Structure formats: C-alpha cells, structure tokens
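Take a look at the structures below.
Two complexes, one shared chain (subunit A), two partners (subunit B, subunit C).
After this line comes the complex of A and B, so read on.
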C-alpha cells in the first residue's frame, strides 16, 4: 500500500511552478545575512599582533550612523535575494552590498584603533566574512544565471580586480591588520609575489614545452603512452613535501659535483627543487590532456585529411592540434590552478613565494601574516581559473 | 582508365583482399558491392594508397600508382567517406578549399572554384560559404563532402558508403545529383556500398565481392541474367530480379506503334516506372511522349513483361 503511494509520488506529475516562488539560494543568503548582522562579531580587536582577540559587534565596531546604514543595506539585499528573480537586479543589489561593506571594514579599523597606537590590530571577524560570503554568493549566482560568454566573464573579472585595486590604493583599508603586516614588509611581499608567479607559471611553461610534444608522441605510440602515463601517475601520488625531500639528495649531489650547476643556483634546497617538483606534478595533466585531446578528434576527420593528401605535419598542425586545443587548455588550467596552490609549499625548502608568509605566520602564531600569504594565493588561483576557462571556451567556439 | 591488377592485402595470415583484378573505363561509375567484411573498403583504400597493397598494383591511365609520391597521388584523387570527415573547425568554403590550398593555387582562383562548386551543389554561396559543418543538415554536409573531394578537379573520385548516413528520401535525391554531376564532369568514380539497390541505380558496372574475393564484375543487366554463382544470385535477390531488370530498360526500347488512352509517359523513364503506372491505373497500355512532349507511340503490359526475363 505504502509502496503504491510512494510510486505515484515518484513518477507523479510535477506541479507547475507558482508564479511567485521563494528562491532557495536567496533564502539561505538571507539567513546568512541575518546571522552575520545580529549574532556574529563584525571585527576583532587585539592589543598587539599576537595578543588574543576581543570580538566587536557591528554596533560597537562602527559609528552608529554607519552601522545603521550597513544594517539597512544588508537587510535590503537579503529581502531582494529572497523575492527578486531577475539576475541583473540580483547582481546589482549584491554589488551595492559589497560597495558598502568593504569600505566600512576599513572605517571600522580606523574607528576601533586608538589614535597613535601602532601596536593594536583590527581584523575582520565572522560577521564580516559571512556578509561578504553572502553578497559574493549572490553575485556569483547571478553571473552564472546570466550565462555570460567568455568575454563577459573576463570583463566581470577585470571589473572585480579593478574594484579591489581601487580599495587597496585608496588607503581606506590601511588600518586593517593584514595591510599593517603588508606595510612592514612591502619589499619582501613583492619579491615573494614575483617568486611565486615565476615558480608556478615557469614550471607550467616548462611542463607544456615537454608535455605537449610528449603527449603527441605518446598518442601515436601505444607502448610509450602506457609507460609515460604510469610513470607520471606514480609521481602524482607522491605527497609534495616528500617529493621536495626526494629531490634534495640528487640535486645536492649535482651541485657538489658540477660547478656549473651550482653557479646556476641548482642546489638541494631553494627554488630549483621546488621548480622541478612543480614541473613534475604539472606533466601528468598536460600529457594526459594532450593525449585525450588528440584521441577525441573524430577518426573520419583524420581519415579524410589523410585521403586528401595532407602530410603528417599538415594534419597535426592544421587539423589535430586545433581540434585538441580546448582539451589541452583545460589541462593547462588544471596545472596553473594546482601550481599556484602547490607553490606555497616551496617556502618550506627555501624556495620562496607566498608560502614564506604562511609558514612565518604559523611560526609566530600571527594569523594576519598567514592571511597575507594565503589570500593572494587563493586570488591568483581563482583569477587563473576564470581566465583559462574563458580561453577554453574561446578555443572551442567557432566564430559566428 | 583505372586498372586494378591482382591486388592483394594480407594482415598477418588473414587475407582481406585476395587477388582482385578489374578495370574501370574513363568517365564511368563502378560500384563495389558486398557484405560487410568482404574487403570492399580495403580495396578502395589501396587505390589511393591509404592502405599499401601486399601484392599487385593499380594503374591510373597506365601509370603505376607506386611511382607517384603518396600525398601527390591523393591530391589527384577525390575521396569521400561515410560521415564525410568535414573539418569541424573550418567553415564550408575553407573545407572545400582544402586540396586547392594544398596545391598552392592562388587565393583568387581558390575563391572562384569554391563558388563554382557551391553553385554546382545547389548551396547558395552567400548563405553557406561561412557556415560551419555543425550548422548544416545531413544532406548539406554530404554535398559539401563531395564538393570538397571534387575541388581540385580530380579525374578519379573514390567514395566509401557516401550515402550511408542519409535517410531514404534525401539519399535518393543525393544519388540522382551524383549521377547528374558525374555525367556533367565526366569524372571516373569507384563507389563502395553494401546496398544492392544503390549499386543497380548508380553502377555502369558492378563488382561483387565476398570473403576478400571478386566474384563477378559485370554490367547490372549481365549480373541479373547471368550471375556467376549462387552467392551473386542470392545477393542480387531472386525475387527482385525481374523488377531490377525492368528498371534498367528505358521505355524507348519497348516502344510499340499505336495510340493508348491516358497520361503519357516519357520515353526516358524506365519500364519499371511504366509497369507501376499501368498496374496502378489498371490500363493495358500507356501513350509514350518524347523529350519535346510529342506522342511517339505506346508501351503495353505485354511488351513490358516480355522484357522482364533473360533473353533466350
């Protein structure tokens, strides 16, 4: 009896959607905003950078008029998220929310820090993070619903990056703990940033230079393909720290016996083993995607090309590679996102990069310093994935 | 003229094509027909050396194909396969221009040739030149595939199941178009199919293959009246034979004096069509008109039936 009922439920006719329905994600966002405003501290105040923090609610963290304005705007966004379905309006309200929220964090820092006190630190707390999460979710969801083309997504990224740059350059955030950390080590920040980018993108470029040709040859030779894929899969299973460790001994030995290698900066610790490890991790996605990309070229297309008298080189350059390109680019996307993250670990063996701040910060229990290393890393990965996703789409798309 | 001379292909111990010889006259259409796995495609692919023969040779106008560099040989031979293999990342015009560009024709000449071919295949250049293969219907893709194969004016066209992916109505139209274009250009065609109806409809001569061997190479009428063995007879279809024979004969050949009632039939139609009209209308005879529409006589049921069997 009950089984009959459940069967009719499962296969029964789905009722038509009511004209004015509540949006599930919007509802979740509204709840997040409610919790953030009324039940969570907005900012954390610490007397020194390693002292334990004291929570500050929104009404304590901002002048009363500012706090009221932020509450009103956030409530407006929450109501809009639940009731309004038009993606453009949702995006607009999310942008307004962020435009009020982000500067007010900087104002809060200035408001909470006693005048002339350079030891006190103000950092964002749960309430701020929840609010920015809620607004960003709303914005990302709206952008997804708008189904932007590749150029639209790149433009959205450019607008976001410019807005962030504007906030940072305007000085409105200068009183925040993380920027205090930045100002005390601005020189090393940009040095490590350059090192991070070089490690991640340099090893990717090297992996492409070797991996794409290796993938092309492996695609043709079955025995080589099996050997290469197995070898690279084994490399992929070695944990990154272990791989750094494994490379120390042979590179140290090379540095000791080959003066030229030592002169080039190749030694057991430092950037060289980090670069090599990242390169080895990058090889598998590049080689595997090159092989996959070439294998999915329809055999009729290759046969027709051969039958029309295209030489092996012409087939590869004019037919197979263009058709494999989206898949190869997807491999490069995986590698770049993975490398920006993995390069953090390079700091452990003296390879530099943003990991330097992360591990220093852990050592000093200074969470702001950890964030100074972590946030740019996440932002780089995020931006790289958007840019390469757009490139994948562009390489797939046939011009209209 | 294409001469296939004792052509053999062996993969290990398996014979795929076994000592096949036949010749295709200039400007005619030869169909290679047989069950799947009979070695038809391998035979075709040995002509443009996509498959290297284990033994035997192919002569094109007396010239051994092994004496010509592979790619150069293929530039001179059109090639159409099932599924067409159009380049998905290139538009129709660029697809058609493939071989002329490989031959380094100048761009003006290439553009002119592409336009000419689009016209020939009833694809409006303004509308179709810049479309991509995925934007075309199956029939349009097929026409682009044939146009691409003909782009550099090859004297020989090889076609491997070129109509296999089309539905019945479009296939019939595509077959008519191919015959019209072949008559117009005088191209020699070797076409592979497993469809006996297609073979009878298109072939000036038909090569029947089974288990790697060539069983018979003959005109459609000969194949019907004097099948070489039981297999050919079964493949030709014993029950279908009289009707196949009638569809090979023009009304002109069964013309009798006299005046019949009813709608006239053209002298160029087949006896198969005439019989079908007679059966449907319940008449004993139909008037026959020539190309200008003038009545030139009649065709009768009795006259048609006499021709639906082997001549004594």
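After this line comes the complex of A and C, so read on.
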C-alpha cells in the first residue's frame, strides 16, 4: 500500500485526489466572484449624504480600461480558486485580487463624483462587498490550511494593518463616503476612539487586578469558589443594556449623597456605569480561567516543588502561575474581544466610544456613520483576538 | 426543595406578578422619580412587550438552530470536509463582530423595526450553535463510530442514532449561549424600533426617568437569568437520558 493510497482523518477515509480537480470551496468562491462581477452593482451614488442611492454597475463605476482590468484579475482569481489547491498560491492570488480591488474602489469614488461637488456620496455596493468577501474567504481558508505559527500570524496581521494604513494615508479612498464622514468629525473620532480603548482596556486591567487574586484564593477555597462562580455567571447572563440600567440608579444615588464621588466624576449616567458593567462582565472569564489554569497544574509538579523546599509563595509565583499563564491569557483574550464589542453599547448611556457614531448613524439612517463606528470596533476586536491567540501560543512554548 | 430552587421559584413568581400587574409595585419605584412623573412604564403593556421580546428570540433561535446544525453536519461529512477549516476560521472571526454592529448594519439594508433585529439575532445566534455542533460531532470517539459501522449501520443511521445523540448535550449548550446573547441583542433592538423590553429602558433614558430604566433592566435581567437556568435544567435532563441509554446498551 503506497503512502498516498488513503489518508484517514476524523471524518473517515478521504480518497486521494489528483492535483487538478474541482475544489468545492473554490467552486463556491468562483460562483461568488461571478455573481459579484456580472449581477451586482459595484458602487452606490447618492446626490447628498442622506439621499436615496443609485446603483452603478462595474462598467459604469470605473473607466472602461480599469473595469476590464479588474474583471480580468477577478476571473483569474476565480479560475485559480477552482483549479489550484496549494494554499500559498491561493493566498497569493487572493492578495493580488484585494490589491487590485481595494484601490479601485477609491478610484471609482473619484470617477463617479462630479468635479468640485462636496455633497455627492459614493459608497461600496453589493458587488464590491461580495468581491472582497470572496477574496477574503480565499485568503482566510489558505491561512487556515497553512497552520501558521504565532509569529506567522502576527506577521500576517502586521502586513494587513500596514496595507490598510497605506490605503488610508495615500488618500486614494478620500472620495469615499465613509472617509468624508470621518473628515467632517476627525476630532471627535479620535476622542471616541480613546474613550473606547480606555473603557475596554481599563475595565479589563481592573478586572485582572481583582480577578487573578480572587481566582487564586477561590482555587484553594471550595466554598468561595462556588459562591464566586455562581454570582459571576449570573452577572454574565444579564444583558448589557440591562446591567447598565441597573447600575445607573445606585451610582446616581451615590453621586447625590457623596460629594467626593461626584467630584471624581462618578454619576448615574456616562462612563462610570459603563466602566463598572464592563468590569463585572470581565471578571467571570478571568476568575474562571485563573481557577482552570491553576487546577490543571499537575499535582506531581507542585509536590516536586514542595520537595525542593519551595515555600507556598515561591511555588505559586515560580511554578503554578507560569504553568497557568496560557489559560489565564486565553481568559484575557475572551475579555478583550468581549469588551471591545460591549463598549459600543456604552454610548447608549452617554459613556462615549465608537458606539456614539453607531447610534448617531442609526438615528440619522446614515449607514456611513454607522460603519465609521462599527468598522473600527470590529477591527480592534479582530486584531486583539489574533494578538492574544499568538500570545497564548507563545506562553505555552516558553519553558516554565 | 433546595434553597437555590426556592430562590428561583420566588424570582419567577415575582417576575410574573410584576409583568402582569406592574401598578401594584409602583410604591417601590416612586422614591426614584421626580414628582408627577410616572413610576411605572405607561407607554405599553409590559406583558405584551415581554411576549414580543420572547417571540423574536424564539423565532430567531429556531431558524439559527436549524441552519447551524445542518451546516455543522455538512462540514463534518466527507462531502463538506473542504469547508471545515474555513468554517472554523469564520466562526472565530464572526465572534469578533459585536451584535450591535450587525444590528446597525442591517438597518440600512432592511429598514427599521423587527427585521434588522431578527437578522442580527439570527446571524449572531448561528455562531455558538454551529461551533458547538462542530465540537459535539468531532468529539464523538472514533471507536464508537467504528463499532456503529461494524454493526452494519450506514452513514445516515450512524449520524441519527449515534453521532447526534452523543453531540446533543454540547449542541444544547450552544443553543443556551445563543438564546442568552439573543435576549441581550433583542433588548438593544429597541434602538431600531423593534418591539421588546428594551423599549422600557430606552424610554427611561430618553425621558430621564430612572424608574423606567430600573424596571426595564430588572425584567430583562431576571428573564435572562431564569431562562438560562431553565435551559441548564433541560441540558441536565438530556445528559441524564443519554447516560441512561448508554448504560442500557452496555
């Protein structure tokens, strides 16, 4: 039996395949590209910020030569996706596709906007979104199959972030609707960005300061562990906006009766209830993962440390905590991703953050404003999850 | 009756009484409000809002469950195996999208009201159920599958009689997660004019009526905690029945 005769995986026997064969996923991606190119509008043109949009097909949205070039590149990626299985070539073709598609959106905005017209808005439409979805799916699939190590994933993230920064700084997207929204409120954008980061990471830091010691003590005391875990999982179950609401009444009362609290900026509405709510939500993953991390330290290792004459303090700091670190970091990853998302809701009670734009956008039915708040939030969560996943892997690799 | 279940039963009764006859509890909220302002939400019936809230969550969860379980089954069969690595990555990426972003992006596409809320609940609800279906189906021990194959079961029988029952507790845990997330997202749905309990909180925030905010928050919080506990109970029953049937076989 030759080594290529059959490979088994958890789902049974996978028959051997010739190098050139129809790939199901590649076929689906090719269909997506076909629909995006020929059956969906590429961009939407609006005479003013809130006017209703008019669809523009790819052929109308770009000068003819550029439209043809984009079609050719996209078809090339589609054919490659169907026929080529090698992940590296697939990643390469997806990157080329994106490298042509993303700048051409900006060019299309410049092409569609009449000269000197500052009211007209051009935004990406279904065709653009489907094309970027198809190329991204191809890239994500290739990256998943390449099983990159932590440094590889961090490098991929750095390349992606740099490419995005280059697109934004080069000014090629400046005519796009979402960037026009940004330019009219650049100051408040960065103010809310700072507030968002402060809320999400500050509450996480506070939760670590309390949560890790609480986890260490709970790991030793069974009764405390049960009480703490039950209490925290009830908190986790309460929907965010309800918890914000429940915190407003007591904080308002404290501010009214304790002048010092009021002087420190604690009041029923604003950042204080948002910060406390995020902190409470963050406690459960941190405490639970600290307990889980400590419980998985083999008792033989702890015994050996005791036999070497280490004190309880030394055992905790030098042996148990380093071994529990990957699990604790995994908890921090959950918290950070969760906090970046939840901080969006803080805007509802005046806590600021990117949610401010999302809720303003909903109120004005201005999708670009919604996206101006939503895209950075998603990007932050996404980047945080990749960085912390890599840190978890790296902390597993370091000898304790 | 254990103290915990006594607390739960009391909480359920208090919640039911409050939703049905909120005026009876008005005295509790009166100290919180400015003189002359209403102490109890007066722009709609709490009972109707609760039912609408639960209906949206139920419908969305049912649709997500059907689709997520079907997709989970598909990518763990040989025919769909090519989609497995991608679908795992997509679930990870999807979870970095905050529900409010999904909700807000759906509004311009389908307009205000129930529709964007339903879409956000449905899409966001897919992720935990799909993830747990994958976990449940891939952790079925391969000796068990071999044994089923050896007994002459075909792929369909193995799926229905062996794999799905063994994965059921994990899938149910995914449905519970999905329901709890949906209860919260449906509350935020009130910012896009969906009918639900979020209305009470939003109305309180807009009219600066802390009593509205507090009662809306309490009802939503109690509802979520009780539904969570109820679903945990269902999971325990399912796991016990599974354990029972396994014992009978062995």
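Assume the second predicted complex is superposed on the first by the 379 of 400 C-alpha atoms of A that agree within 3 Å, B and C clash if a C-alpha of one lies under 4 Å from a C-alpha of the other, contacts with A are read in each partner's own complex, and residues count from 1 in each chain.
Keep this in mind: a residue touches a chain if its C-beta (ideal position, glycine included) is under 8 Å from a C-beta of that chain, and two chains touch if they have at least 3 such contacts.
As the structure is a computational prediction, the values presented were derived from the model and not from experiment.
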Just to be sure I read the superposition right, which of the two partners does A:322 touch: subunit B = first, subunit C = second, or both, or neither?
first
First (subunit B), second (subunit C), both or neither: which does A:143 touch?
second
Is A:249 contacted by the first partner subunit B, the second partner subunit C, both or neither?
second
In the overlay, work out which of subunit B or subunit C sits against more residues of subunit A.
C
Output check: A:296 vs subunit B and subunit C. Expected answer is one of first, second, both, neither. What do you get?
neither
Thinking of the overlay built on chain A, is A:364 touched by subunit B (first), by subunit C (second), by both, or by neither?
neither
Could you look at A:170 and tell me whether it touches subunit B, subunit C, both or neither (first, second, both, neither)?
neither
Quick check for you: in the superposed arrangement, does A:89 touch first (subunit B), second (subunit C), both or neither?
neither
Using the superposition described at the top, list the residues of subunit A that contact subunit B and also contact subunit C.
none
Subunit B contacts subunit A in the complex at 48, 50, 70-75, 79, 81-89, 91, 98-99, 102, 132, 134, 145, 148-149, 158
Inside the complex, what are the residues of subunit A that reach subunit C?
9-12, 14, 23-25, 137, 140-141, 143-145, 234, 237-246, 248-249, 252, 268, 337, 340-342, 344-345, 348-349, 355, 358-359, 361-362, 365, 367, 370-371, 373-374, 377-378, 381-382, 384-385
Footprint of subunit B on subunit A - complex, ascending
298, 300-311, 314, 319, 322-323, 398
Using the touch definition from the top, list the residues of subunit C that touch subunit A in their complex.
32, 76-83, 85-86, 88-90, 92-93, 95-101, 104-105, 107-108, 138, 142, 180, 183-185, 187-188, 191-192, 198, 201-202, 204-205, 210, 213-214, 216-218, 220-221, 224-225, 228
